[in-house]
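The same subunit A turns up in both complexes below, where it pairs with subunit B and then with subunit C.
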Partner chain A sequence: MKAFLPFLAVIFLVLLVIVGVKAASLYFLFGVIVPYAALLTFLAGVVYRAVKWGRTPVPFHIPTTCGQQKTLPWIKQSKIENPSTTGGVVVRMLLEVFLFRSLFRNLKTEMHEGPKLTYGSDKWLWLAGLSFHWSFLIILVRHLRFFTQNVPGVVQIVGSLDSFLQIGLPLLYITDVIFLAAVAYLFIRRVAIQPVKYISLAADYFPLFLLLAIGCSGVLMRYFLKVDVVSVKMFTMSLVSLRPRIVPGVGTLFYVHLFLVSTLFAYFPWSKLMHMGGVFLSPTRNLANNSRMKRHVNPWNYPVKVHTYEEYEDDFRAKMKMAGVPVEKE
Partner chain B sequence: MFCWGAKAKSLNAVGFPNARDWNPTEEDWKLPENWQEIFLEGMRERLSKYRSFRLFMDICVRCGACADKCHFFIGTGDPKNMPVLRAELLRSVYRRYFTKAGKMFGKLAGARDLDLKVLKELWYYAFQCTECRRCSVFCPYGIDTAEITIIVRELLNLLGLNIQWTMGPVADCYMKGNHLGIEPHTMVNIFETMCDDIETLTGIKITPSFNRKGAEILFVTPSGDFFADPGTYTCMGYLMLFHELGLDYTWSTYAAEGGNFGFFTSNEMAKRLNSKIYAEAKRLGVKWILGGECGHMWRVMNQYMDTWNGPADFLEVPKSPVTGTVFENARSTRMTHIIEFTADLIRHGKLKLDPRRNDHLKVTFHDSCNTSRAMGIFEEPRYVIKSVCNHFYEMPDGTTREQTFCCGSGSGFNAGENMELRLRGGLPRANAVKYVRDKYDVNMLANICAIDRAALTTSMNYWNPGMGVTGVHELVANALIMTGEKKRETNMRGDPLDMPVEEPEAEAGAAAPADKAAGGKANV
Partner chain C sequence: MYNGGKIFFGIIVFLGIFTFPVYYNIGKADTTPKPSLNTPVINQMKVKHCVEPKAFMRANHMQLLNEWRDSALRQGQRDYVSSTGETYNISLQNTCLHCHSNKEKFCDRCHNYMAVHPYCWSCHFAPGKENKL
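Up next, the complex of A and B:
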């Protein structure tokens, strides 16, 4: 059920746009209004969420330390896993963002007869996660060729590297394959691994189906139905130049692709996909473990009621004197 | 698997709201009329005060990397003990009341109404998380379920729903200066008894001072160390070490607690208890503070104390009077961990040690959650242990250092009625100990935490009978050759020593640390 409804939702989206353009000829709606609106929602939403997080104070200094602290000079500090400087934190964050460092630690805990526990390395999630994200990023970068008149050198290089296998015509992009395989794996593990299935919500399946549908529609366009790329580019450039114009001959499939991407963009800020921004703000990762060296200030620190020494001595003076413990007042 | 509810008496002692006697097994928890409102209002307030809380509510992708990392999930198999699910219990309420999707789509968006059943579930699982942070090491965003548990416990606290095993010590600590409610004259008595034992063992008479103004150092350790075996042996170890060094230090009966059970109720309560340490340091006019072996105490000292009750500008940056080493890493809090202090002593060859006196022990080391994942003390204790023991073995990878497992009883639920949960939660740690026992005949589990010393003793008795549990400074005390001491017949516990009869030469003893230093360093 938790997987089925999101599946239906994606099917519904696809049908919606097909009916919309084929039967009702709502080209302008699906080609222009929706993409613009989605982009605006995306930008405004991401800023809104990030500002909301950013404005919430970090009262305490709570890095999770994963290595030796800075201590006596002859003990080697683990400068990245337990950074005490900004430089260390930056490297730690880069490793998290680009290589999913923490996920790389993943272990598989197994209980055997005895009881006996074993811990095996388990890198599949890391591999699939990293493959998915990197191929997604590369695909995004490649798409810039539709949105720039003179395609920047980097974009061209990325594109040619991505197709270096030189298979088929148009040339096969490796990331397309990796992307679909990785997303498919991420979906399969959600239904096949019992604990993961148990924790999954509709909101976990929906983005996966959406991404799969985007990927499939893209692959269909490029390799099988071969849309007219020149018309597509005329159309996308008209969007970029803010003089939107419907170009005939781009085909329904393109509208499907565009609409699904728009949905992803509009959905992004309100969903768990915002982990993209959140990962940078996580106080267990982006703070240096230097709170004994440098005072961390809590902006809402307030005075509290304490039991003072004077009150304590009043309670126990006789007993303290009896035991020979010095007192302030005789 | 739960602890008894907090009593009105203890809640009233610190002025907590909605104090009443209640029983978790009864249908009626005697909640205030508007409990939902209090809970949600508390949530709203904390969402705007803690970025960690808001962020961790928002960004979990339910990848499941944390799922099998929690000792309670491993030990109970209860899916709601997967860290992600423990967090989802509150996240579902967050969605329902604080997000558009949850308000609109309800259950479909994974949202739940805050009803009595949900509240009871939150209570049950908030007290099945020891705030150990192991999940946070593995989460790709560093989501720390401990942080969420801390907030849930704060919210429950607003409704008077704490557990007595935490609340009793909090009230005692507030009024009497330590968790165990030891009053000043009793504390002095206990120390006299310990010093008598030391005299029997070594022939040396030690007379520690209490609340002494003008001492150079204030020493603070968890009261568990002077309350029960085997903690007391570690405490005697401190006394012997400080005596041998001729350290100018004092104990305090007012700030007689290093631990902080307030931390397991609310941030505010933790701050109220913690305030005594700086206040006492100021009153006594000491130069700096030295802290004993404890786990959560050091999370508090490292990550919270200065923020709550600092700046400690009336103190000086800690400097070892014996070696002259300045503890730069405590430049601001001005509080040094004893294991840093002792490691520095040994490194400088300031202690005469005879590690053969620990030859009857095959030792392994348990990294405590808090000193590992909220501080990063790994090499110091290993260096000290290797300097005072000849037989040291590591537990398997994946169960030590930042990936260490909780003893199973941390964060204030070492209660007798909670035994099943504690033993189940203690299984992963115990299992790793069993591994080194079977492989290397390890018979002593060392640690630097007072709760460990109590909790692991119970856990070992059940899972690995015969396994001893010790603080590191007990091992130091065994090996420490004190000036003018008589020949040691037994170790600190009165067990006969298993070593050649002739007395070691002073040089041999002093040379040992230097050899070991090289060995220890290679491992760093």
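Up next, the complex of A and C:
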């Protein structure tokens, strides 16, 4: 089973850090060296991938379109679905990045008796995907309170909106619930829907298990097992101010959370998670459909030596005139 | 490099976002909190102790307070037996704040550091403060 190995891998990571911190007291390794190395890997890796993509030519002009393209003035153009200008592309990209517009079009295809092929609306993947990504973003922004002196007002507002239900103490964050539910759905979808299961790889399961473990360790820390957050912040602040020091009294659970997040950061640039940067560089999304107005030259094209008709005529004008062949230039 | 300008711009934005905590904190004073235990009641204690051990209180005080609120206001139960076997009167005003009468120098220091704004004070008021209602 393709999900089993990634599951074991995440369990192994958790056990590794527990043994490393509890039995071997490798605080400096798991608290300082691994997080720094992971963050550097992340930053350098993403830049490397972006530059590598930038060096790759786009041989063909391939925007995907799903609306009327720009044509005669009395036919209405679908400016976002089939953009012909940069402005249209920008709007389309914003909708794609913030609302997953193309996923919203996701369809369920089923074969019935007859045989009859039916298509139906299927928004669950879109809903779970969108909930997951937005929750994750909000959780990331909220975490800035551990990484900033005088926490910025925006971060505080996000945090207070997220906890406005005032359930329990520490207050329940709505995004924590949505995050875990959405990731759980995205996992169940991969195992419960047969065609999706068939195409799912270990590289699809691993990030899901990792995110689930990160979410669970964070939720355990905040709501159930509790850690001393002031010590945690003293430690995280020492990391971001580049004067790392181990603060005693930070529980093992915190190291588990930190190590799993470090794993995510280090894994990020080399995995499918790079769609964070890739979405901006998708030729099917970021090109305007203007191939009839602007010529797209394939950068791969070999410089072909051509001999145009004008040059041909220049070469043979005299002979052509003598033979009575009409010429364009006298 | 194709569209080098755009790629470069994207990379700069990316690095700017993900290194935000590093440059945001440059030059900011270290505000690591030191909650003060210097109050008349605590100074008179021979053995300084809270209702539960310090390590437990640091991590769990909010949960304890929440349980105290439910116990006192919803069940009418105002006796708390601690892990050391002592019985305390469940009351923020008369038990917690009796010793920690310095809210600004005790509660607020860590809460401000962590950007936490507990809603205790929408019902209770800190000792020595006029009731502003």
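As a working rule, the second predicted complex is superposed on the first by the 302 of 330 C-alpha atoms of A that agree within 3 Å, B and C clash if a C-alpha of one lies under 4 Å from a C-alpha of the other, contacts with A are read in each partner's own complex, and residues count from 1 in each chain.
Definition applied: a contact is a pair of C-beta atoms (placed from the backbone, for glycine too) under 8 Å apart; a residue touches a chain by one contact, two chains touch by 3 or more.
Every value quoted in this text rests on a predicted model; they were computed, and no experiment measured them.
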Fit or clash between subunit C and subunit B when superposed on subunit A: fit
Subunit B versus subunit C as contact partner of A:His307, first or second or both or neither: first
First, second, both or neither for A:Lys272, with subunit B first and subunit C second: first
Subunit B versus subunit C, judged by how many residues of subunit A each one touches: B
Contacts of A:Lys226 with subunit B and subunit C, given as first, second, both or neither: second
Touched partner set for A:Thr148, first subunit B, second subunit C, both or neither: second
Contacts of A:Arg105 with subunit B and subunit C, given as first, second, both or neither: first
Which superposed partner A:Val58 touches (first subunit B, second subunit C, both, neither): both
Distance in angstrom between the closest Cα atoms of subunit C and subunit B, superposition on A: 10
Set intersection of subunit A contacts, subunit C complex versus subunit B complex: 53, 56-58
Interfacial residue positions of subunit C with respect to subunit A in the complex: 1-4, 7, 10-11, 14-15, 18-22, 24-25, 28-33, 55, 58-60, 62-63, 65-66, 110, 113-115, 117-119
Footprint of subunit C on subunit A - complex, ascending: 42-43, 46-47, 50-51, 53-58, 144-145, 147-152, 155-156, 159-160, 166, 168-170, 226-231, 233-234, 237, 240-242, 249, 277, 280, 299
Touching residues on subunit A, where the partner in the complex is subunit B: 5, 49, 52-53, 56-72, 74-76, 78, 81-82, 84, 96, 100, 102-103, 105-109, 111, 114-117, 119, 125, 129, 193, 195-196, 198-204, 270-272, 274-275, 278-279, 281-285, 289, 291-298, 300-301, 304-309, 312-313, 315-316, 319-320, 322-326
Residue ranges of subunit B in contact with subunit A within the complex: 15, 47-52, 54-55, 58-65, 67-69, 74, 79, 82, 84-85, 88, 100-101, 108-110, 133, 136-144, 147, 174-177, 183-185, 187-189, 210-213, 253-254, 267-268, 271-272, 275-276, 279-280, 283, 301-304, 306-308, 310-311, 325, 328-333, 335, 340, 343-344, 347, 372-380, 383, 396-399, 401-403, 427-428, 431-432, 521, 524
